[in-house]
Amino acid sequence: MFYSGRIIDNLPVSDKHYLMKVSTPFIQPFIPGQFVMIRAWQGTDPLLPRPFAIYSWDVVGGQNVLQIVYKIVGRGTVILSGLHRGDEIQINGPLGNGFIEPEDAEKFILAGGGIGFSSVFPVALHLKGLGKEMKIILGAKTDKDIPPASSVGAKSLEGDVTYTTEDGSMGFRGLVTEVLEKEIEDIGTGSRAEWAVFACGPTEMLSTVKVLSAEKKIRAFLSLENFMACGFGVCLGCVVKVAAPGGYQHVRVCMEGPVFSSEEVIFDD
Amino acid sequence: MIDLSVCIGKSTFKNPVFSASGTFGYGVEYSDFFDISRLGAVIVKGLSIEPVKGNPGPRIFETASGMLNAIGLQNIGVKNFVSEILPHLRRLDATVIANVYGKMEEEYAAVAAILDDAEGVEGLELNISCPNVKKGGIVFGQDPLAASKVVQAVKKETDKTIIVKLSPNVSDITEIAAAVEDAGADGISLINTLLGMVIDLDKKKSILGNVMGGLSGPAIKPVALRMVYQVSQRVSVPVIGIGGIMNERDALEFMLAGATAIQVGTANFINPRISEEILDGIQSYFDREEIERVADFTGTLKT
Amino acid sequence: MIDLSVCIGKSTFKNPVFSASGTFGYGVEYSDFFDISRLGAVIVKGLSIEPVKGNPGPRIFETASGMLNAIGLQNIGVKNFVSEILPHLRRLDATVIANVYGKMEEEYAAVAAILDDAEGVEGLELNISCPNVKKGGIVFGQDPLAASKVVQAVKKETDKTIIVKLSPNVSDITEIAAAVEDAGADGISLINTLLGMVIDLDKKKSILGNVMGGLSGPAIKPVALRMVYQVSQRVSVPVIGIGGIMNERDALEFMLAGATAIQVGTANFINPRISEEILDGIQSYFDREEIERVADFTGTLKT
Amino acid sequence: MFYSGRIIDNLPVSDKHYLMKVSTPFIQPFIPGQFVMIRAWQGTDPLLPRPFAIYSWDVVGGQNVLQIVYKIVGRGTVILSGLHRGDEIQINGPLGNGFIEPEDAEKFILAGGGIGFSSVFPVALHLKGLGKEMKIILGAKTDKDIPPASSVGAKSLEGDVTYTTEDGSMGFRGLVTEVLEKEIEDIGTGSRAEWAVFACGPTEMLSTVKVLSAEKKIRAFLSLENFMACGFGVCLGCVVKVAAPGGYQHVRVCMEGPVFSSEEVIFDD
């Protein structure tokens, strides 16, 4: 689905993060973990649209409102942050597979590193809706990298979140995966089969989650990132390696992913 | 009545707007966005005799008004294409051109032989921007003789329309164009990507898994226009213009320069409906300017 | 202490930031904006044996992240340069490299002979992207033999440092690089502009008075980086990187790829102080990264 | 001089024209007819700065205020029109020769076609300051192409202006050069030596002024336009032909111009 949207609101929720609300011509059921490609500039530099997780997409006050949360990291996101109410943007999506919870999983640990919370929160809200039990771990370098859950419309989750920062400025001092490891260990080995982990964050984090999941015998699903040109499967630019008979095969993060079972993903070092 | 149809070899295409190989998947992906049977032709991702895994990542990177890609010609192989994708494309009523490549001329011929039997393939586009393993990796498209041989070998296997797609990484594009025309090409498409490279200063590392990649997008349009102009002055077979076409005005410029048809590449990533919009734009331009046939417009550039 | 000086041939330049010929006038124009003696070298507009009027207009046009130019090498001629401009440049204490071109090798040699006597010219940069009238207009830089002969002819006339500036419009840039190195070049600079064309759809006319022109600016940077990388792998003389350098990060990327020095071109039009800013940026980067000498950084790219 | 300025105001003065006020770090005496190169965007597409006549440059309320009047014609001017108070722009200038009135000229006809008024008004205000007599002719395709003099701070000139439009929607119906021809004819051939014409507008207009000036034996000065890359004489991209011993020579519009004596300019057809 390729269409235009109009900015309703585009406000900072932290030093580096913005929450953008866009009015869209329709809404469409989406699976948390799916994303949209967004372009919001004239001219050809930057050229390509940018991928962002769908944070929410609902009817609000009679309008179809798509939300994304983004961090300013480069030219495209700088342009996004300068947009005003009424400005038009181009949107392609929902795209990707999203996170479909395994039928036999009853309890979840959701782990988000850095901007990863923008996929974790929609997954969490969805699971909460289904009445599932869950723990959320959010981590970053420093407190400034994590906007308060309330500022991004996730107040209802605040009680479930454990924060961790590398510099200790918020919550625990340490890595998301350190907290994750403890949380997993707290679960009796016998009951781990009821659990599933969903993780979204930098590659180093996800590759540690893969190792943990194998060691601790707990299912894990990883939401990957990669450079994307098209976002809908036609350029073959975004592939990662997944295990396949006879070694590996290249699959597209934008189509077969972004969410993969941790078993299948092969991280090159 | 305006007639947008164009002839290349024995084939007649309903209009001059084609999709560029590698930017349009196997075509079917775009049927979510518009009716792909409207296009003059859908040119699918490059096919080889066996499936190919392609290059390790990163495979793409954005540059100023362009992008580099080093996909490594990943594809499902011609046989899977014929059995799994082609029926789908036929149901969608798409006019299909198969883009073909190989590591030696025999591989091109083998793919052509399989496609010769395939119903629903209107023509073949030979991508000669690939290293010739028999000649120490020199790209076919940089060697007039090797390029001619590929064309001849393919022609032996099929009577379908053969378009040869030229590499721009050459000193004299007209020399290679003339060579493939002499070897029997029914049409010539150009340009493929310019060879480039990107570097990550922070990591002190080249970004692409393959180190070098192909530059496409608006950045290369002036080079593409120049080569289309030069080649269409030199050969008499139809020329298909490619390179940085983002809208109908770009497309019409290529036609003025001598292109009978055009291909839309990188622009598809930005707007998946762009090729249909370009087609509509050309149609309205012809209406407005009262141009009755493509041939009345192609190559009418004043210099 | 960080030492930014670089050696090319017998010359030592105080730092690796040079201005690109044709984008820096005769140098003096920029002294309104900053102290041009700070630059490693000021490379002036291409000089020929006689004054040249250049091409009719339009001579320039903007393209996506780039521009085309067809100036036609307008210049006041080497003699006027030596008598009228050089004294001024010497007063400004600029390190001067004279860019030189000709229609045949004898013309290059004649210009070199005049410059050999000129005090305040540190070296010559030979622009070989010009048609060789004796060989039916084939560009010197596309013909390894013709290029070598130009270098040899010039070397006979002067002992000054000779840099040869390559044209990117070739199939194999390393072949021509190796040829001019063998012929005695002290350094190799690249790339000159990519040949391109622009069209005015409304007038159905090519825009440039000369029809074709040279593409420069950020659009060509990936191609330039690739060629600098390839050439520096092949030759042992210092390589000078040019093409779309807009800031110090771009400059440092070229150095990682193998450039000993870099030239700033089109960016000068956008910000007349940019070359000084790039120099300061490189200086701070070397400070921050504790790089002591340019040679410790050049070519350290991981692939 | 290359420096940054900050937008004070950027307001439409007609359907297609904007008046931009920029605060600059200093002011500098300028000659009317001189111009600045302006760039006001990130990214490299568009790449090059754009030339605009200096409309005024004064201390206003303690600030150094540079004004330009521009017409939206393409990508660069579309971007300019979207700028807000406080946005930063890069400026190079004053550039070019400007119009230096001949010492023995007492009376002037100033003719502006299309956006040409943006050079005509500053020249007119300057001459008015010197107490010179003048007639101003402004023309365009239609009334929408001419903002009212009052809207661009030139109210004091309103009485001196004769308007003409091709469609007759404002003032006379016809071309600037038709009105100019009548005005010149109104001047006795004997007194034409006291007069000088200054013209700024499209090339076709200027080449007609050249012909008129030769036929009617009246001095004329033409402010030319051309594509410019640098604006300060270093790219040789903006040249025009002027008469020179042995035929012609190429001179730079941005340095030797933009104002040339009508006798010297050679218009190719």
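We call the chains A, B, C and D, going by the order they appear; numbering starts again at 1 in every chain.
The rule we apply is simple: a contact is a pair of C-beta atoms (placed from the backbone, for glycine too) under 8 Å apart; a residue touches a chain by one contact, two chains touch by 3 or more.
Predicted model, so just to flag it, every value in this text is computed and none were measured.
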> Count of steps on the shortest touching-chain route from chain B to chain D?
Replying inline: 1
> At what distance in angstrom does the C-alpha mean of chain D lie from that of chain A?
Replying inline: 54
> Taking each chain's centre as the mean position of its Cα atoms, how many Å separate chain C from chain D?
Replying inline: 36
> Using the touch rule from the top of the page, what residues of chain B touch 2 or more other chains?
Replying inline: 63-66, 217-219
> chain A: which residues touch two or more other chains?
Replying inline: 43-46
> Looking at which chains touch, is this a line, ring, star, complete or other?
Replying inline: complete
>> If we count contacts the way the header does, which residues on chain C are in touch with chain B in the complex?
In response: 63-66, 68, 142, 169-172, 194-199, 201, 203-206, 211-212, 215, 217-223, 225-226, 229, 244, 249, 252-253, 256-257, 300-303
> Can you list the chain A residues touching chain D in their complex?
Replying inline: 41-46, 75, 78-79
> Which positions of chain A touch chain B when the two form their complex?
Replying inline: 1-2, 39, 44-49, 90, 92, 226-241, 248-250, 268
> Of all residues in chain D, which touch chain B in the complex?
Replying inline: 43-45
> Where on chain C does chain D make contact in their complex?
Replying inline: 22-25, 29-30, 32-33, 45, 53-54, 56-67, 69, 71, 74, 217-219, 246, 266, 268-273
